[in-house]
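Just so it is clear, A, B, C, D and E label the chains in written order, and each chain counts residues from 1 on its own.
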Amino acid sequence: MDPAGIFSTSYRQDQSLIRTRNQAITLLLFIVALFALPMFAEVRSVAVMTSMLITAVVVLGLQINTGLAGQVNIGQAAFMGVGAYSTAVLASKLHLPFWLALPAGGVFAALFGVIFGLAAVRIKGFYLALTTIAAQILFHFFVLNLPQKWLGGSNGITMQPAELFGFKFESDAGVYYLCLVVAMIMIAGGYGIARSRHGRIFAAVRDDDVASGMMGINVVRTKALAFLVGAFYAGIGGGLWAYYVRFVTIDQFTLIHSIWFIAMIIVGGMGSITGALIGVFVIRMAQESITSMGPVLIERIPFLGGDLVFAAMNIFLGGIIAGFLIFEPRGLMHRWNIAKRSYRMWPYPY
Amino acid sequence: MIDFLNYLINGALTGLLYALIAMGFVVIYRASKVFNFAQGELVVFGGYMVWWTVIQMGLPLWIGLPVAFVSAAIFGLMIERIFFARLVGESIFSMVMVTIGLLILIRGVVLVLFGPQVRAFPMVFPIEPLIFGDILISRSMLYGGLLTIAIGFGLSWFFNKTRAGLTMTAVAEDHQVAMSMGISVQRSIAFAWILGSILSTLGAMVHLSGRSINMLSSDIGLAALPVALLAGLESLAGLLLAGVLVGVIQGLASAYLDPLVGGAIGSVFPFIIMLLMLLIRPTGMFGWKTIERV
Amino acid sequence: QATYNIAGIADFTGPFADVMKDITGCRRGVLDWWNDEVGKSLGVTLKVKEHDARYDVAQVASLWPGIKAELNPIAAWGLGGPDSNALQQRLPNDKIPLLLGTAGYGFAWKGDSWVFNARATYPHEAAGFYTWYQKKMGSAPLKVGVISSEVSPAYVDIHKGVERFAKDNPQVLEIVETIYTEAQPTDLTQQVSRLLRKGATVIQVFNNTASVVATRRALQSLGKGNIPLVVSAHNGLLSSGKALGDLNQMEGSYEVYGMAIPTDDPTTARAFFEKLRTQYKTQANFTSPCMMGLATSLLTVRAVEQVVKAKGPAGVTGADVRAALQTNAVPSERTFGVLPNVKFSNEAPFPTSGLAVNIGTIEKGKYKLIEQNAPVPNVNKW
Amino acid sequence: MLELNNVEVLYSDVILAVKGITARVPQGQCVTLLGANGAGKSTTLKAISNLIRTEDGRVTAGSITLDGTNITGANPVEVVRQGLVHVMEGRKVLRHMTVEQNLVVGGHMGSGREAKERLDEVYSRIKRLAALRDRTAGYLSGGEQQLLVIGRALMSQPKLVMIDEPSLGLAPLMVEEVYGLLSDLKASGLTLLIVEQNTRVALELADYGYVMESGRIVLEGPSGQLKSNEDVREFYLGLTVEGERKSFRDMKHYRRRKRWLG
Amino acid sequence: MSDLPGGKPPQIVLSANHLLLQFGGIVALNDVSIDVHADELLAVIGPNGAGKSSLMNCLSGFYRPKAGEIRLGEHSIRGMGTHEVAARGLARTFQGTHIFSGMTVIENLMVGRHLHMRTNLIQSFCHFGPAVREEVAHREAVEEIIEFLEIESIRHVPVGSLGYGLRKRVDLGRALAQDPKILLMDEPMAGMNTEEKEDLARFILDVREAKRIPIVLVEHDMGVVMDLADRIAVLDFGKKIAEGTPKEIQSDPAVLKAYLGEGVA
């Protein structure tokens, strides 16, 4: 929102994300910084950023599906897994180039997602949320029990690095750039969807699906669409993940991962694309800083012993989430909006 | 044939165990409208309480168990005090999400307090099974099952017939409306968590009697999930039926299908049943139908 | 004095938290000893730094580059699945060998590896046991019931391998059925009695301690306490016994793996451990997890010795360590009998030739070694 | 009995919905609160019962006292225990429960025996409900639901009942029935604070009235006096200056007078 | 305006014949038939629980009547989903509030435009050229309605935080944004004071004048009904007990008994 005194003069301007010149400049600088990161930041943070970018894509999908369209989904990791496996199979068994295998992974994940989208037509609220856990279970079961030849079963699938015009995305920086570019496309798309007709009907279905029906919105299609989009994002994220680790197994996509994804959109704030990104950043930072704090602590206070220290770390993590919820249940984005609102009214108190 | 009977009976008993665990979900839901994702962790915590009093402190069962239940209850109360007291009046959703935070948090707490080792769980029920001809029934499961049935009907009566129970049900209907009637949402939530923790401890007792406990024991929470949904989140007596249903089908599936498939198909069956049932009846067998007036 | 780092990946909050303390303790112990008694004279000091990765591939993957940059390690110590999953593809570029104390997996059975398991695969170890036990029991093939689980793909890999071995060696054993349980099984009485009715005379439980306990209880409640279980290192007799209340309850069962059995018998391994505890204040118990720790670390330091002897204390690299591991056999006495003779080849991440396993049991409530260096027959890939 | 003096209410830290209102509800009387949409009527009631806290709102200034005790920002439960019940806008029944269960819950305070007595009392007061005992509240028709929520409020033996738009969406006969009920409640000594849009009936019943506009009280007085106030006549009763009803068809050609002068 | 110039028989836009609707024991609609003529305002009145909303729900495809026939224009819409009915040009407002409380006023109205928007998912994803152009175009249409309903000031306010009356106004705006062939309104004036009713009445008259679409109005305020309606249908206990011009209805004894009561007129 603009500060007091600045008003939009055209609908186009009123709708656009970036209103003032300063906003444009900040954004530009930020992007430049992201691209320059591997040059100045140390390796660790590049690796963390890479995993953040991948997570961001997945969580963005969850945000669209859950935060925007209100279809709570606790199976996002499974969708991610489907994407990762499809990409891996296509790349390693059919030798598709990554620029084909990656989107294809997204598509397969989307198809898997639509199944639950259709279930969502009848099943609502908690019931839906909990049925999506079934996605997790079924994914696990099928990968393990389908013939080894297909999905590698318990063996998992190994992959070659992504390759474009002979350049191998193999080094940490290389993978980082790959993820950065893909993630930026997906994020831009996320904003696009959220602001356009589709984002609106998603929100409409979330708020009141009876009324939406009478506005001429095909609720069945819309819910299915929400899952499709969400799962597609998950699939793309999964594909990136596959190219990042270059070895996929089921235990990389478990229920606890899905739960962490949810935690991220909560902390960031439901329904806001930016919120999702913030959530990913905050939570992953917390996780990383805690995992790197551990060894330090142990060296400082050896008698504590590793098990105690690291166990304590879990308490912190859980505490962080719970804390956020208690003190800002609507997520950081909400706090931010309020700040902006009062900033707009400034200098008047209310 | 005898095999079949065995699978049937034991499947039913396992199902009742699931029902007992699921009761933890439902009680909390029925008195606060919050779905508790940390149910499995509550079970583990309760279990460790029993381990701690009986094995660690070496108290005899008849003292140890009550102490364990009391401390579990206190734990439940603490959860309400620390997390939900502040959230009264906030959206249900954020409350539910807090339970996700709890899930991670309790894991840490348990690791710190009791360590990660696999611990011996006290032999609450005698180990030798009851044997009728070729049918044998584990005592812990049998007694547990009977207990579950009793509690199931008891709670169902409490929530549907007594004034206190209905008052909490009102909270599950709508926090704001309940408040406008002077119902203390907070007290109701506290009660929910206390009862939930106690039931979880009970569940742990039946589930783990004479076996072992560690972090992984929380998986039972996931296994009980389909039962809760199958019955419908508001229904307590319904859990019994749902539990038996799930237990029997799972038992038979893993006995007859696993060898054919060469995989653990038995463990996915409950979820498949759940999915199908919900597609037919979106709020489970006995859950509240959503009322849509336009 | 040249100093080199080793990256220790740990799992203090994941499924293997329960065995972690002994593993890391013994890993550190070996370094303390080696630096003091060997390293000093060679002019080399080795340091280890542990990171908790929760047995989670994502964690390992995002931690690793940092670890690598920070420590620039000449070797890494891991636990199993996730570590090798996350790293196997990039280690060849990082040029850092990863050593694991666990047995190997079928899915890792690939050539030219930078991952090294101190032991052969679980099916190898099981095969060693069954061959020995079948002779012990007479001529008829064994009837084996298997308790496994699908909670982790590793478990699936294990029973798949064993099933394959049974198929190739019907004269040794027949698997009557494989039963799948959860991470924390509820009552197994039904399933176990089914195994018994199908004639199982020994039951293999290679997944987790909880399953061992549940199976054991099932046998007891069926009055068949005399049926032996065979377990592995990560759910060994000691820990399972403790989880059951006391060792007696595992009476007559066996544990098998290609490392020394941590009994009280006066073995060289035992003596070595005592030395670590008394002289080097090692914080750990003498258990099979500890053995894993000892195994990984001993292999590492021995390899480093080779390198230093060859090219001097300066400029030791991960590549050197890997080369040393691959070329030099490590005879049992060099690991104080913690490991049998170990000879890595380029065809697999684990030793495949001249394998032997040790077998422990509980006899009259005492934990004792019953067979040393039982030969492991040939096991085909599965 | 109930006194507000210059109470301010703030929603989610930015929206000032009520800008300092002062009002009092004397013992045994019926006071009505009139005003346009969004004037802040419901907000005021929510502020008194402190249900605004569930909507991220709070009282930022002023004080609310009930029988001399300050209940500003008190726990809603306390407020009810003090004998003040708030019947919310839009007939908020417990939809999945039966009529009887709704009432029982309403009487959750006090002993079981009292509850039983009150239940019979409510049934005898509101005959319709007795007939509907076992119907699911969510499926009742609008009027029945309105009667139910009022009956539910009575179950807690309140001294003062605040009712938000009781005539909302009720048919003429039903309006008469509801107001019939309210007036004999008043007759039996119950104090009432009623927010209404149906000004005519409200002023019939009320002794005193306040008119709110965008968060402020712009007009107050005994209902008789209000009824004769020009602006009220025009904007709330829809009467022309001469006193007969304007036709809604004339709206198009009609220009609004500048309002609330003085 | 039912007596159109030239006095030729009025053209029927929406017709429901012999509708039967039951919920368990309750008969919500019992052999109810109504016709809506082109460019007329048909009011439906009746006591609470008479089945007015149920009728609206049947017409808009939310309830499926057990028996009976519903035609919109020439083709039958019985058994169609609500969105299909809406797509054929039927818009409605709701008893109580059924607006999208999470969104701002603008967004609510934009949802109303949904039927007329064409961009596909890919275009939204890219959010370039066509998508943006369409957005802007429809935004202009919406702004007209906002101006018309005089809610400019709350354009960007999240609807969830509006008072009851304003929500109803947004509700109407959303229905208008669909620019429908026929408009159903279920108690649009509930919870408004006379002044606001006057405004809304004005809007309704304006809509009729500007758009010339027929309107079915369910309302309890007799003043409004009598003044605005061309014809009135009266329901009681799911049966249609009377139909006719306001004059006729006002003097119909059955109606007086069932609904108006002696007092009001």
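The rule we apply is simple: a contact is a pair of C-beta atoms (placed from the backbone, for glycine too) under 8 Å apart; a residue touches a chain by one contact, two chains touch by 3 or more.
All values derive from a computational prediction rather than experimental measurement.
Peer 1: Using direct touches as single steps, what is the fewest number of steps from subunit A over to subunit D?
Peer 2: When the steps are counted carefully, the minimum from subunit A to subunit D is 1.
Peer 1: Looking only at C-beta pairs in contact, point me to the busier pair out of B-D and A-E.
Peer 2: Per the contact counts, A-E leads.
Peer 1: Taking each chain's centre as the mean of its CA atoms, how far is subunit D from subunit E in angstrom?
Peer 2: 28
Peer 1: Using mean CA coordinates as chain centres, what's the gap between subunit B and subunit E in Å?
Peer 2: Each chain's C-alpha centroid was found; their separation is 48 Å.
Peer 1: What's the distance between the Cα centroids of subunit A and subunit C, rounded to whole Å?
Peer 2: Result: the chain centres lie 37 Å from each other.
Peer 1: Based only on mean CA positions, could you tell me how far subunit A sits from subunit B in angstrom?
Peer 2: Here subunit A and subunit B have centroids separated by 31 Å.
Peer 1: Give me the residues of subunit A that touch two or more other chains.
Peer 2: 141, 144-145, 210-211, 307, 311, 313-314
Peer 1: In subunit D, what residues contact two or more other chains?
Peer 2: Residues 12, 15, 139.
Peer 1: Among the residues of subunit E, which are close enough to touch at least two other chains?
Peer 2: 62, 94-95, 98
Peer 1: Which of the chains are touching one another, listed as pairs?
Peer 2: A-B, A-C, A-D, A-E, B-C, B-D, B-E, D-E
Peer 1: Considering only the defined contacts, which subunit A positions touch subunit C in the complex?
Peer 2: That would be residues 42-44, 46-48, 50-51, 140-141, 144-145, 152-156, 158-159, 170-172, 244-247, 249-252, 257, 287-288, 291-292, 294-295, 298-299, 305-307, 309-311, 313-314 of subunit A.
Peer 1: Touching subunit E in the complex: which residues of subunit A?
Peer 2: Residues 10-12, 14-15, 188-189, 191-193, 195-201, 203-204, 206-208, 210-219, 225, 229, 271.
Peer 1: Contact residues on subunit D for subunit B in the complex?
Peer 2: Of all residues in subunit D, those touching subunit B are 49, 51, 53-54, 75-77, 79-81, 85-88, 92, 94-97, 101, 104-109, 112, 115, 136, 138-139, 152-153, 156.
Peer 1: Along subunit A, where are the residues that touch subunit B in the complex?
Peer 2: Against subunit B, the touching part of subunit A is residues 119, 122-124, 126-127, 129-131, 133-134, 137-138, 141, 144-145, 210-211, 255, 259, 262-263, 266, 270, 307-308, 311-326, 329-330.
Peer 1: In the complex formed with subunit E, which residues of subunit D make contact?
Peer 2: Within the complex, subunit D touches subunit E at residues 11-12, 15, 34-39, 42, 89-90, 139-144, 165, 168-176, 197, 199, 234-238, 245-249, 251-252, 254.
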